[in-house]
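Next come the structures, one after another.
The same chain A turns up in both complexes below, where it pairs with chain B and then with chain C.
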Partner chain A sequence: MAEDLVLDTAIRDWVLIPLSVVMVLIGILRYFVSKLMLSSPSPDAKILKEGQVIIRARNLKAGANFIPLRSFRSRRLYFSNEENGLLHVPKGQGTNPQAQMFSDPNMAMDMMKKNLSMIIPQTLTFAWVNFFFSGFVAAKIPFPLTQRFRSMLQNGIDLSTVDVSYVSSRSWYFLNLFGLRGLFSLILGDENAIDDTQRMMQMGGLGFDASKNLGAEKDGLDMIQHDWALPRFEQRAESVLRKLVK
Partner chain B sequence: MVTKTEERELNQLENQVENGGGGVWEYLCLVRKLKVRRSELVLKHGLFILNDSGKRSALGPDEWTLYEQVAIAAMDCQSLAVAQNCIKVLQKKFPESKRVGKLEALLLEAKGMWEEAEKAYSILLEDNPLDQVIHKRKVAMAKAQGKPSLAIEHLNKYLEVFMADHDAWRELAEIYVSLQMYKQAAFCYEELILSNPTLPLYHLAYAEVLYTIGGHENLIAARKYYASTIDLTGGKSTRALFGICLCGSAIAQLSRGRNKEDKDVAAPELQSLAASALEKEYKQKAPAKLSLLSSALRSMKL
Partner chain C sequence: MGSSEKRSKDVMSDIPTFSGENLQKNLKVIQNSRTFLSIIAGVLAGIIGFNGLTGFVFYFVVMLITSVGLMAKAGFSADLYFDSWNRVLFDGFLGGLMSFVLFWTFAYDLVHIF
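After this line comes the complex of A and B, so read on.
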């Protein structure tokens, strides 16, 4: 049943474009509001030190073959010593990041602010779209779709015979939701091009799980076999010089 | 560290600016981004922009960053009056700012008023105990006052928290070398090599420290690190070439008494090759000194 519906150009002028414009403006507004509300994060000394320890342990892993065996061993011992090694996390005390997050009032406030700043505009915009722009076909998607998308894309349209390519404005809203990142990066500068999808991803990842990282680094270090690379360098230097001298 | 392209761009802009072309603001921004130390030029051109109120207002909000940059450059060139003026302007605009507080403490340091500067830094540290810049300023002050042991103490405390800061490790290594505490310096250079294993600078420095400590094992290790420097620089490091020759002769001297069971025969020709490479380089770059070199090399071949 592939009849071509002719859509009124008024739909384009009064639905699609205003909806996009509104979403862009809301994004910009959110960016400025978040800048205003930004509480300067006071770095926690313990977390900072752990982060640095991890970087140093990673460097040790990466460059292990460049330092003499004795130095490597003494450093490894320093890190993974059972009593007071830097990477050793005693079993009971592994900081539970979730608990820490909720007990630390600053972090809880920050998370709440981030979540709110995302949920409220989304909810409002969605309600606005539903209220004003429902009940008619808004656009036609250029490629054919299966029937399963009908419930998602054609929400206000109660005719089951209309081709699934004709979608309601709700789907245009979702399209904008996921697609405006490129536009934001142009307007706001490349670093601020976070749109809603990324924010949602940020909501998922809860926190820097330091204790697991430390344990992982310790295991990684324990596994390394030291293979001093320097003797090989001597031979390579020989060949380099030979070529140079010729 | 500054990459080659950035360095080239910087030099290009510098030439342009010095010869009267435009591009002063880009140059200043680049200097700020790369954190290079070009205080005289920054002072001259920055002041030129700041004194011209038309250009100053054209900068908009970046004006204050420029004030900060010029203030620091002025302190580096010891034009303390200029620095004082800049800081006064900044103080008027941002009265309770920590950043301006840092500049004030820096000015006290530049004037040589060590106790006041110390006090100012402690107050700043109370508010923000994890500020890297302030810790480093304390180390610099200790060094400037000629108290290297105090500087070492501060640096060690700093590195306990910020152990991934390779600039700090480098500074510590240099202080140790100046105090002839070579074993500790070797430790620091090892840290540096771990953080950046392919940087020949660190290999060279480590090799020199090992050579200075002396002893059979260390000399063998030093030779290996000189070799790795040669490999990483493609044979261009004259110091490393000399290092190999010296190591070879030192090892030969040490092992004259012992039996050569464990002689390092991984690269037997390395020494002679290094000598010939040295001669070649001297022929190209300093032919007048070639005879000195040849006689020195001959005396080393024990």
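After this line comes the complex of A and C, so read on.
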């Protein structure tokens, strides 16, 4: 490896530390702002009902083996009866919730607010970094990288003989962006921590397509083999008592 | 962590029943410990001055120590507290990597370059 560059202490004082501090503070600020701006959406009765039905069906599936066979069957019939069973949704109504979600102004506003609160601080910080902190070596990454990364990491530095480990402040910004997620999850309590990247991944699936959920629950219920566990509990009690007595 | 790991599974019955809330709490505990330790490992690696591959090896060593520590805390019977062994051992390995690299770079630069 080439000789070690000695960098000015002023860079450390005025670039690295302020940038990290600013990013941490912006993250905390964003967290509090999102908490303040949280407009509680007025719940839609139909979607809420379907959600509760699904929860009931799941409870039935979980506790199926603790009730006698006939009770289980009668409950299951209540859910999956062809005519007025709760889980049976005629085909026409299936796609409603999703269409509703797109056209409902409240939902759209919420999505947009979340998007903006995520994108604007990032863009602003990035522009600030580019404007003030470009054109010099900011940090050295402790591990070697190949030459392909040179254009990505060293964008402000025009010398091509400098080792790729010496990066510009733009890459320090990106490193902070990804690395501070863990710190936020420790500082800000356990929720709302993994803001940007996870939310971006969640934007894809809009959650609640109710008809598929209901159909899946119905199939799950139909598939259960009932195996009543209570008769075995006598033996279980016996074994527990034996252990206690020994 | 203290006494914050709660039993989430009742192994006495034939049918394993989970307490969802306790399970999630235990997973949170694992995640927090790993994140915290990866940050500390990063600072240590930077101060000691690891270079290149040695640093990553150090990170994995610390993660393994974390796994062993968590297993010891759970009394070596992960079945009581989690739904599968893999969660205790391998969950969050790579999640802490970015934080580790950040703090490693930071400490290394502060100590060695400037």
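Operating definition for what follows: the second predicted complex is superposed on the first by the 212 of 246 C-alpha atoms of A that agree within 3 Å, B and C clash if a C-alpha of one lies under 4 Å from a C-alpha of the other, contacts with A are read in each partner's own complex, and residues count from 1 in each chain.
Quick note on the criterion: a residue touches a chain if its C-beta (ideal position, glycine included) is under 8 Å from a C-beta of that chain, and two chains touch if they have at least 3 such contacts.
Predicted model only: the values in this text are computed from it and were never measured.
Looking at the shared chain after the overlay, A:L186 reaches chain C, while chain B stays out of its contact range. By the touch criterion defined above, A:M112 lies against neither chain B nor chain C after alignment on the C-alpha atoms of chain A. In the superposition on chain A, no contact is made by A:L25 with either chain B or chain C. When both complexes are overlaid on chain A, the residue A:I141 reaches chain C alone and has no touch with chain B. By the touch criterion defined above, A:K49 reaches chain B but does not reach chain C. In the three-chain superposition model, chain A touches both chain B and chain C at residues 233, 236, 240.
Against chain B, in their complex, chain A makes its touches with residues 43, 45, 48-49, 52-53, 55-56, 59-60, 62-64, 66-68, 71, 75, 230-231, 233-238, 240-245. Here chain C touches chain A in the complex through residues 12-15, 28, 31-32, 35-36, 38-39, 45-46, 50-53, 55-56, 95-96, 98-106, 108-110, 113-114, going by the rule given at the top. On chain B, the positions that touch chain A within their shared complex are 129-130, 160-165, 187, 190-191, 193-197, 221, 223-228, 230-231, 234-235, 244, 266-267, 269-270, 273-274, 276-277, 280.
Interface of chain A with chain C (complex): residues 4-9, 11-12, 16, 20, 65, 139-144, 172, 175-176, 178-183, 185-186, 190, 229, 232-233, 236, 240.
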